[in-house]
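Each of the two complexes below includes subunit A, the first together with subunit B, the second together with subunit C.
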Partner chain A sequence: MTSLPLKSSYKKPHKAGIGRFFVLAALLIALLVVLLPFAIVIINAFKTPEDYATYGPLSWPTEWSIDGIVEFWQRVDYSQKLLNSLLISASVAVIGVLLSLLNAFALGIGRIKGRIWLLILFMVANTLPQESLVYPLYYLSKEFDLYNTRFVVILIFSVIQSAFGTYLLSSVFSTFPKEMLEAAMLDGCNKLQLLFKIIVPVSRPTLAVLFTFFFIWTWNEFFLPLILLISNDRQTVPIAVGVLQGQRNMEATLSSASALLGILPCFIFFLIFQRTLTKGIAAGSVK
Partner chain B sequence: MLLKRSTNRGYWWFLLPGLILFVLVIAIPFLMNIGTSFTHWQGVGTPKWAGLDNYARLFRDSTFWASFRNNLAMLVAMTIVPTLLGLLLAAVLYDYITNKFGSRTASFFRAAFYLPQILPVAIAGIVWAWILHPNYGALNGLLETLGLENLTRNWLGNRQTALPSVMVIMVWFQLGYPLVIFMAGLQRIDPEIYEAAVLDGADWFDRFRYITVHLIRPEIFVVLLTTTIASLKVFGQIYVLTRGGPGSSTLVPSYFAYQNFFEKANIGYGSAISTVMTVIIIALTIFFIRRQSAEEL
Partner chain C sequence: MSTSKSTFRLSFMLLLVLLTSILAACGSESATTAPSGSTTTSNEPRTIKLWHYEGANSAMGIAWAESIKQFQAAHPGVTIQFEEKGFEQIRQTAGMVLNSNETPDILEYNKGNATAGLLSTQGLLTDLSDVATQRGWDTLLSSSLQTTARYDDKGVMGAGKWFGVPNYAEYVMVYYNKDMFAKANLQVPTTFAEFEAVMDAFVQQGITPLSVGGAEYPAQQIFYELVLSKANREFVNAFQLYQGDVDFRGPEFTYGAEKMAEWVSKGYISKDATGIKAEDMGVAFTNGTFPIMISGSWWYGRFSDEIKGFEWGTFLFPGNTLHPGSSGNIWAVPTNAQNKELVYDFIDITMSQDIQTLLGNSGGVPVNADASKITNEKNKELIQNFDAISKADGLAFYPDWPAPGYYDILVSNIQELIDGSKTPSEMLDAIAIPYQEHRATLGK
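Our next item is the complex of A and B:
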């Protein structure tokens, strides 16, 4: 995000004064408070338990050790959790975008009858608290032998995310230039070609934002995966870290290592996706 | 006009997969949940019809009301405080830091304050559960280092401090969201308005009150709506930090529903709790959106 400088606001004559350094100092203190938890997690994740016991949480590590990280990694089979999270999030992002696209094509471009009601339906679904769906989903997935499968989690989140995607894309598509659609129809495009040859290429930036949102939202999900995925080899990163936290007798350094391993993937996604995200947040806020 | 009704018919096919899945994954479970809220059910066997029993019990249940009060505390910590702080910070960064220290400094601050937002809620909770841990946590360690032993306590395990601690954590977690949205909103304001105000002798606080807050009202609406809903749904942080305890001092309705579903096997009662929360959330959404469209007219 730092790589995107703000559009500079108005210029006015600089008054020399020390007042501005007070403001800056206050901001820096606030910043320190916000970032301190990250700093504490990082330095303690690399300490040995003895080092921690002797010097406490705030000292610099006497020697940098990755024992805690390695131990946590092996204890929860972290590679498997990463793989599960990646598989689930990426599948949801792809299927969710595809479903949103098809829905929005019918609602925003096709302007089918009753679209207002359908849009309201999707919008309400988007605000539903998950606890109002969780028990029936748990019950039904058991009935259909889908309980504790990554497939059912992918299916559920694809639909939940596409409720938002349908709402957003429909309003984007309803402003799609009519001339372009008509020209394509005159050239003999059928609807499928219209969607994938004209509309998809033009709206690629919006689709990229949706993909990014869906991926990160699904990665961060906690409630439904906690209930639907019980076996160790199918759980996602947040669940593995969150469930381990509940266990007693966790060493402080191990706790810290688990937090660091939970933070790292999100930090990497943030760096990869930051441009799309910044654009997306801005786009979402104008509505 | 080619896109008339006759050609519109074929578009229904495109809605079919989405609509079928929507019915299976959202509509049917949602209706089932409402249905079970009128029954007594342990999750096995046949649900027994109970009429409005669960709802009557809900209104008498002091635990539910406690969870609801805690939800209002979450509203303060996730919506009200972050929105106010976010407004102030956005205005300071945009209207003060950018001018005096350059836009790079301002974007650096924005990115740093946003950082907690990229974490999964559960991970954010774990970071803090560890920092606040009574035996080996960093906060008590820090207080001891500073010679303030008598201030150390079991932050999350004590009735007096558990809820305030959770609230501070939520502010920390949420602040970046309004900040980023408000700063994006400020980008579309014409700088000349500020210049004119300065020429008219408006000081920084006048500009903040009369220009900044006024012009980014749409963004404020969006932030209030989304964070209010988020605060009514909060679950992951409570699960990781306190599991609603000690007692019911940090219990929230979503966690209370979870307990009834999966720990106490009171499916009917859990469904009633979640149905009430759903009604509140939908009513709030409608209220906000009507207010917003009324403003835009």
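Our next item is the complex of A and C:
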């Protein structure tokens, strides 16, 4: 990677010392603490129920069994759930970014009247608890015959996510170099060209970060999809994981298997996009 | 840099394509679901949407899968479209789903005032009173089982119209580890005094006798068992069905709370129990850490499958004629359901002796089984114990039923009783207030 020239601009790192060792040790311990729950999920996902019942959750599996994972996959038709989650999250990420972009163009670059109030409005929308939205959304979706469709979930989350996106992008755009905009306008750029030829390419890293966040946030949403998606073949991964929680009994190995399958796609997605994430975060510093 | 830009564009384009295809798919899906079976003639193929939340390997799951088979064999041209749901999902969304045209035609629903009772007052459940008499369900179910099937116009269970049909039962009993009993040279206790003596013997050997999950429902069921040991049916009806006054400082509650505190001080229940969840309680019994566990029949099938290291058995809480327990969850028919006659046929099949015997043989507590056809000795014991309770009209329901939110109130107050931060009388006063407040709002 081309990270070497960047390094030179940093302050000179401390010379090796006992302090650094302790910091490293503390970080390692913190890492272990973070990873421990995942480790427990993983070892229990591969246990048989008898094994779990006899030796408890913390023991090493006596034999590695994928029965739990296979059973969960078949029981909830996991392939379908994955597809649904992928469709919903990807659509929300795309629409959410587009909406945020257009909104932020008006608010951050266009500096329309009353933009402060609009931003406050978006901020409030962003902090509203989803529980308070449930009944209005339920009645509206029924009114428009969209209840129990993936479309309505996409619609709702695109708006919810873009509220945050608008807020973030507007503040990014409000610091957009004026000279660049003026130069573009002088060269005869119209507004659409200004947005897609000048602003989008420059703020691409930020957009990529938004896209990744929107995807992961939507993927992990539980409550509204639970309320709005009724048929099993339209439900998403987190709801499928919830099916296993019985009234009084829980099947610990199956739950672990489902948790593992639930985390995995998000984890893979994160691995793929983590480069855009780190780039996007660093992008602000390069001026 | 330029390559990453083009991959970005490419992926963006791909997503757009994906998106448009979904939108097309979403458009079509609402069309396919719209009016299924609104105009049904008898030879048209019909579908019944069925929801329940019992695991496929549980007694109910097995029995109901067989019921679906039998139903479809008897009704050619009718398909049952079964969807397995989570308990939480039905609990959280039932009110909304039943009020829409996406409603299932029949569903398993949680019995009780706050669930089935509430929906019945909102007009979302079909009144099954006539069907129940026509099909004889009212004679199959004993009066304490019917309690959870019938709700009055305020949604209070016990009397009024039928809004559900319970298909199985559940009750609280004592599970014990036969090997540990044999090793300590102890017999199954038949009286309350003998039960305490058994626990004393374990304490003397340095073993905590009771596996208790104080962070969830198990502790309140033990407390309730102790209350019931001094109670009669009148007390239960007063407490659960609001038929008469309840005195939380009366002899029943006082005895229960003081006995519970005594059991902790004598070491029958560990103070650490306050942080234990029901699941961990079961696992601790399964791996032989504790010799005794007081909990419900819902553990039975699981213990049969998972306890390998020792012999185990059950007995009813010694000395009690009343036990925590009730009907299981109920079949409910939404008001907006289609093909209700077919749905009643299905419920009828699940109530048949055939299916009920299968339910019993699979480790559940049936309400209408042929006892002679229950083959497994253990299952026989489970069902015989239930019959004994049922004959004595001994189902006393659960302590958290009478008021909304009472479950959490009981959990936290019994935790405080166990760890000693509340005395028995303080704890009783604390649980009395929300109960009496709720009764006041009902005007009962």
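Points to keep in mind about this one:
As a working rule, the second predicted complex is superposed on the first by the 222 of 287 C-alpha atoms of A that agree within 3 Å, B and C clash if a C-alpha of one lies under 4 Å from a C-alpha of the other, contacts with A are read in each partner's own complex, and residues count from 1 in each chain.
The working rule: a contact is a pair of C-beta atoms (placed from the backbone, for glycine too) under 8 Å apart; a residue touches a chain by one contact, two chains touch by 3 or more.
What you see is a predicted model, and the numbers here were worked out from it, not measured in a lab.
Of the two partner chains, neither subunit B nor subunit C is touched by A:119.
Of the two partner chains placed by the overlay, only subunit B lies in contact with A:41; subunit C stays clear of it. Residue contacts after overlaying the shared chain place A:194 against neither subunit B nor subunit C. In the superposition on chain A, A:168 makes contact with neither subunit B nor subunit C. In the superposition on chain A, A:52 makes contact with both subunit B and subunit C. More residues of subunit A lie in contact with B than with the other chain of the pair subunit B and subunit C. Of the two partner chains placed by superposition, only subunit B is touched by A:20; subunit C is not. Once the two complexes are laid over each other on the shared chain, residue contacts for A:257 go to neither subunit B nor subunit C. In the superposition on chain A, contact is made by A:204 with subunit C only, not with subunit B. With both structures placed on the common chain, the touch criterion links A:224 to neither subunit B nor subunit C. Subunit A residues 52, 56-57, 138, 226-227, 239, 242, 245-246, 251-252 lie at the interface with subunit B in one structure and with subunit C in the other. Across the complex, subunit C meets subunit A through its residues 5, 8, 12, 15-16, 18-19, 22-23, 25-27, 29-30, 33-34, 53-56, 83-89, 92-93, 96-97, 100, 102, 110, 217, 278-279, 283, 286-287, 296, 298-299, 302, 305-309, 329. Looking at the complex, you find that subunit A touches subunit B at residues 1-2, 4-12, 14, 20, 23-24, 27, 30-31, 33-35, 37-38, 40-41, 44, 52, 56-58, 99-100, 102-103, 105-107, 109-113, 118, 121-125, 127-140, 155-156, 158-160, 162-163, 166, 178, 181-182, 185-186, 191, 195, 216, 219-223, 226-227, 237-239, 241-242, 245-246, 251-252, 255-256, 258-259, 262-263, 266-267, 269-270, 278, 281-282, 284-287.
Only residues 49-50, 52-57, 75-76, 87, 90-91, 93-95, 138, 142, 145-151, 154, 201, 204, 208, 226-227, 230-232, 234, 239, 242-252 of subunit A touch subunit C when the two sit together in their complex.
Interface residues of subunit B, counted against subunit A in their complex, comprise 1-3, 7-8, 10-15, 17-19, 21-22, 24-26, 28-30, 32-33, 36, 43, 89, 92-101, 103-104, 106-116, 118-123, 125-131, 133, 136-138, 141-142, 144-145, 172, 175, 180-181, 183-188, 191-192, 194-195, 198, 218-219, 222, 229, 232-233, 235-236, 239-240, 243, 253-254, 257-258, 261-262, 267, 270-271, 273-275, 277-278, 281-282, 285.
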